[in-house]
Amino acid sequence: MIKAGIIGVTGYAGEVLIDILLNHPEVRIVNLSAKVAKPQQIAEIFPKLQNRIALICTEPDLEEINSQCDLVFLALPHTVSMQIVPKLLKAKKKVIDLSADYRLKNIKIYKKFYGVSHKDKANLKNAVYGLPEIYRNKIKQASFIANPGCYPTAAILALAPLAALNLIDLDSVIIDAKSGVTGAGRKPSEGLLFPEINEDFKAYKVNIHQHSPEINQVLSGLSRKAMEVTFVPHLLPLNQGILETIYVNKAKSAKPAKTKNLAELYKKFYKKEPFVRIKGEGLFPRIKDVVGANFCDIGIKDCGDKIIIISAIDNLIKGASGQAVQNMNIMYGFPETLGLL
Amino acid sequence: MIKAGIIGVTGYAGEVLIDILLNHPEVRIVNLSAKVAKPQQIAEIFPKLQNRIALICTEPDLEEINSQCDLVFLALPHTVSMQIVPKLLKAKKKVIDLSADYRLKNIKIYKKFYGVSHKDKANLKNAVYGLPEIYRNKIKQASFIANPGCYPTAAILALAPLAALNLIDLDSVIIDAKSGVTGAGRKPSEGLLFPEINEDFKAYKVNIHQHSPEINQVLSGLSRKAMEVTFVPHLLPLNQGILETIYVNKAKSAKPAKTKNLAELYKKFYKKEPFVRIKGEGLFPRIKDVVGANFCDIGIKDCGDKIIIISAIDNLIKGASGQAVQNMNIMYGFPETLGLL
Amino acid sequence: MIKAGIIGVTGYAGEVLIDILLNHPEVRIVNLSAKVAKPQQIAEIFPKLQNRIALICTEPDLEEINSQCDLVFLALPHTVSMQIVPKLLKAKKKVIDLSADYRLKNIKIYKKFYGVSHKDKANLKNAVYGLPEIYRNKIKQASFIANPGCYPTAAILALAPLAALNLIDLDSVIIDAKSGVTGAGRKPSEGLLFPEINEDFKAYKVNIHQHSPEINQVLSGLSRKAMEVTFVPHLLPLNQGILETIYVNKAKSAKPAKTKNLAELYKKFYKKEPFVRIKGEGLFPRIKDVVGANFCDIGIKDCGDKIIIISAIDNLIKGASGQAVQNMNIMYGFPETLGLL
Amino acid sequence: MIKAGIIGVTGYAGEVLIDILLNHPEVRIVNLSAKVAKPQQIAEIFPKLQNRIALICTEPDLEEINSQCDLVFLALPHTVSMQIVPKLLKAKKKVIDLSADYRLKNIKIYKKFYGVSHKDKANLKNAVYGLPEIYRNKIKQASFIANPGCYPTAAILALAPLAALNLIDLDSVIIDAKSGVTGAGRKPSEGLLFPEINEDFKAYKVNIHQHSPEINQVLSGLSRKAMEVTFVPHLLPLNQGILETIYVNKAKSAKPAKTKNLAELYKKFYKKEPFVRIKGEGLFPRIKDVVGANFCDIGIKDCGDKIIIISAIDNLIKGASGQAVQNMNIMYGFPETLGLL
């Protein structure tokens, strides 16, 4: 039985993480902490947890956390995680960080997109990017995971087969992404009030979103070529879920035979993956089918010179807490789907 | 052509008020003000107004407002209005106050529900409660209007015929009210974030809402007896609109003949009212039918000893800015529906 | 391992029932049927089930069902169930019927509210009303359960303590109920199209809803007096969840001491219930906290002569499929919360 | 005063058209018709119109329509319009057809996308495509208008400046379009039920939507080159509004100076247009700003080799009924914004 703690538990990802771990047969949650006005039963903060867990949420006390936990999940805002991770790793704890702090290997790019200098280059080197479908072997050995961003998870899984097989023109990748509002976190802000979002839809951070370099880093690695995607995120008037519609040009070098049956190619690439589901010809994912689940659904349309790929995930599950538990399962040698199906 | 100003224009009621006034043939908006970081084109604050109005929104400058305007609308938070109204009235401006500051005649009750002592008893006496269907004659003479609350508008119009004719047991009135989220104003708050409201529904301020005494005051006046309603407001996951389901016991003293055909009784009571629509037998209002309009729709069901009345308004129109313009029309002797149909 | 079948699986309750049973350690789903154009993988009908279940959904074949199943859930429209139940019971199958066909003991009332004569009086007598918190002992012995309606579940649990202890005036009970749209089922109809529901709210079947007699039957039983509630259902623009705001007058005969601390009284009444959660003083349920779960949350406010009780459930879980599985757990002697927490 | 009729008034476009025409000072609605079970007051069909219009909606009677109306709007399903238009034009009526029947000049393409052969080639030739910003001069002379589709309106206005000036690679145009649900019309269908759309988002008719050829036809005309866009529509969980995110490659032949300041280029192109609003640098449209209005908002981002253009309209107004009235204003020589601002 793993003794797990969650730091930053009062955000949306933290709330979902509790829910998943409570149904996981190999985990006991032993410590919950967050920025709170006063120590309080977690079931008072989240009344939906009443009758399910009796644990007090306090301000993070690292000494206590280190003494109680085997594994610590960080569901903290960006730039906060890197102040805490070194102390946990020094105490030999396993750590899964859901923030962006250890995802980008290039600290200049980190600074450009997150606005601050990186403060923990030592551990940055050892952080494993926790996308199991691509880096499972590294995750098996890892004690410190940088859990992927939500948009990158859907984008990378949608593009990995084509990038790895060098079937596409890497400069042509356009990702038109749409996310539910929990992706923006639980911070009071006029722009996220119900009447500002409901019955509205808009793009934001047009081609300057901080998840672009994360996608570039992984796809460049897979294709062994530098590349930059065009990435436009939009805000959907719904709670949970991401759908990305991706447009690419086939590589001129790609032999037609190679791209003949793309759905088959994807099915083969993801043959052993329990959480990636490839749609049949003419079928496409919808957010409804993945909400509440750790799946990534992918549909593909061959349009001659272009390919359209559509992928969908739950931003809080496969895009955050579910993937974190999937990583945990791999790190500890549990069945990968344990507690997640 | 009336020269009008709006103080507190950046809230939801202010935004809707601009929209209505821009289509009013007898009004020119000449001054817009609110708590703003810096003077700014109103069309930059509300891009939907681009190409429709070119006016800069500044911090309120009362000297300027008094020199430019004939009529001033206050769309301010409660307790702020009463600091400004005296200065406008002193300058002989006509004033329509959309806040609650001048609605309650009893300052003890004001203090109990709004948490502060009233600061302008002098003008409180002269404020006319701007519900045209009940107080039209007073409004005609008035230069200072306390524009009714949204919940009270729907409740009073639903109950006025029965209260005025003493057909109901006044202690039995139960108002189960449901409002869209714009009713809560445009203030950043965790509880009003999109994911906290969407797919949720809940009661709040259960039987302690500050609109109860406003309803009591008017209905007590109409029935010439003290009375207190039971009032439970709820928050609907939608932007605009209020629906109230009201339950009353018939008065034992009421002769059966009097309550025989309630829809007819209501139709007669509101015969000359352009903005009250009484539903036929078996039909009931819905929010959809009143959103964007200044109507109050009312349906009635006779259940023997009990009567169920259901009323619906747009909280920002008949429940705020539309009613304010209706009051303006009456004050200035314009056709009452001008700019509102 | 119980071998279970679901007839009528393509509706909302059926879909949720699959989801719950797939996570139940003592059940194997062996037969899925519904009115379908052609036999089809259930994961094609509900793509969210892909990778989770491989079973073909066919038209119901009772011979096959009887030969394969120990237990059959009926998620059929009203009036259809009673054509099928006799054949299942004759074959000695255990049956949990989610329709209304066997809930009302009085066949005249059944005819009045459902428009057809009852066709299976023999089994009607033996059907046990499956509300575990009230009828657990009967359920333990039962082989045929009439699973309660969604509105009645929330209403009865909210009122049972007061009715059983005779603390309220039974004629005064007013239930103002609000339900999400899945309560209306998955039948194409203009009135249920997205734009007809979204941004709208309305009452329907005002005081003539078919769930009223179900509530009356149980509360009359508990209080040992005939009674009829006033019941007004409304349609919320959200998918899942019911919230009911209930108003009652205290019985004049009730000693003040008895109703002194109502929250305590409720907590005591439901002390051993795993799925009923009583809110503390000043706290009230919200739909968000029960969606996806088998809980019924209840908050109580003492208003002197009146009491306000607010209850919330997920209409598809505690109001349908979750309660059905709770009943199954009791019938088979499993821990009552198995697969439900 | 124009005497206008609307055939097919019970759909969403018809409903909005009544609303607009009721506020138009130069129009009197004299005939309303649609497929209806029996003649009925339009205010019974749409209770929101009560107190605003007293007119009976009947089955279309062309003799009566021709005798009463100067101008007829057709808000009919595709393939129905072309059965009626000839009879109206023969009677010398002016006609604005909101369906797709007369938009595509190539009848083979019409057949491919709408599944039937065109039945009125004679009038097809004379139909003017009613996009005022592009074809104003033709509209002035026209007596028969094919009112544009909703997606094409937003797409063409977004791309017209670049296409007309030959600044882009025409084969590179990708239109990622998102529409509210009223775009699908008011027909009962399981897929459009509230719970199927709410909290969901999905693509449909991926690159095979019938609006693609309409966009191709106009852009090919503007650029004087054949071209085909990549077009993926998606369904948003909201009632009204379209937002399109469009990606194009700059033409290699385009001199850098030409595309230096794209917002300025757009502002110049649309300088005299009352209903096209170009956003400043770094600003982008949102659906909220155009709902209820006849505006098309456009924002542009220069990304080096690529350009991203985002446009937003209300699908029922600028995408249907508002544009129809704008066309009417032009045909009759009224100020173009009359009744629309």
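For clarity, chains are labelled A, B, C and D in written order, and residue numbers in each chain start from 1.
Operating definition for what follows: a residue touches a chain if its C-beta (ideal position, glycine included) is under 8 Å from a C-beta of that chain, and two chains touch if they have at least 3 such contacts.
Predicted, not measured: the structure shown is a model, and the values here were computed from it.
The chain with its Cα centroid farthest from the Cα centroid of chain C is D. Repeated interface, listed pairs B-D, C-D or A-B, reference A-C: B-D, with more than half of the contact pairs matching by residue number.
Per-chain CA centroids place chain C at a distance of 46 Å from chain D. Chain centres here are Cα means. That of chain B falls 39 Å from that of chain C. Between the Cα centres of chain B and chain D there is a gap of 37 Å. Residue positions of chain A with contacts to 2 or more other chains are 196, 198-199, 237-239, 286, 288. Touching chain D in their complex are the following residues of chain B: 47-48, 50-52, 199, 274-275, 277, 279, 283, 286, 288-290, 292-293, 295, 297, 341. Residues 174, 176, 178, 196, 198-204, 206-207, 230, 232, 234, 236-241, 243, 245, 247, 284-288, 291, 299, 301, 303, 306, 308, 310 of chain A are the ones that touch chain D when the two sit in their complex. Across the complex, chain D is touched by residues 12, 180-182, 186-190, 192-199, 237-239 of chain C.
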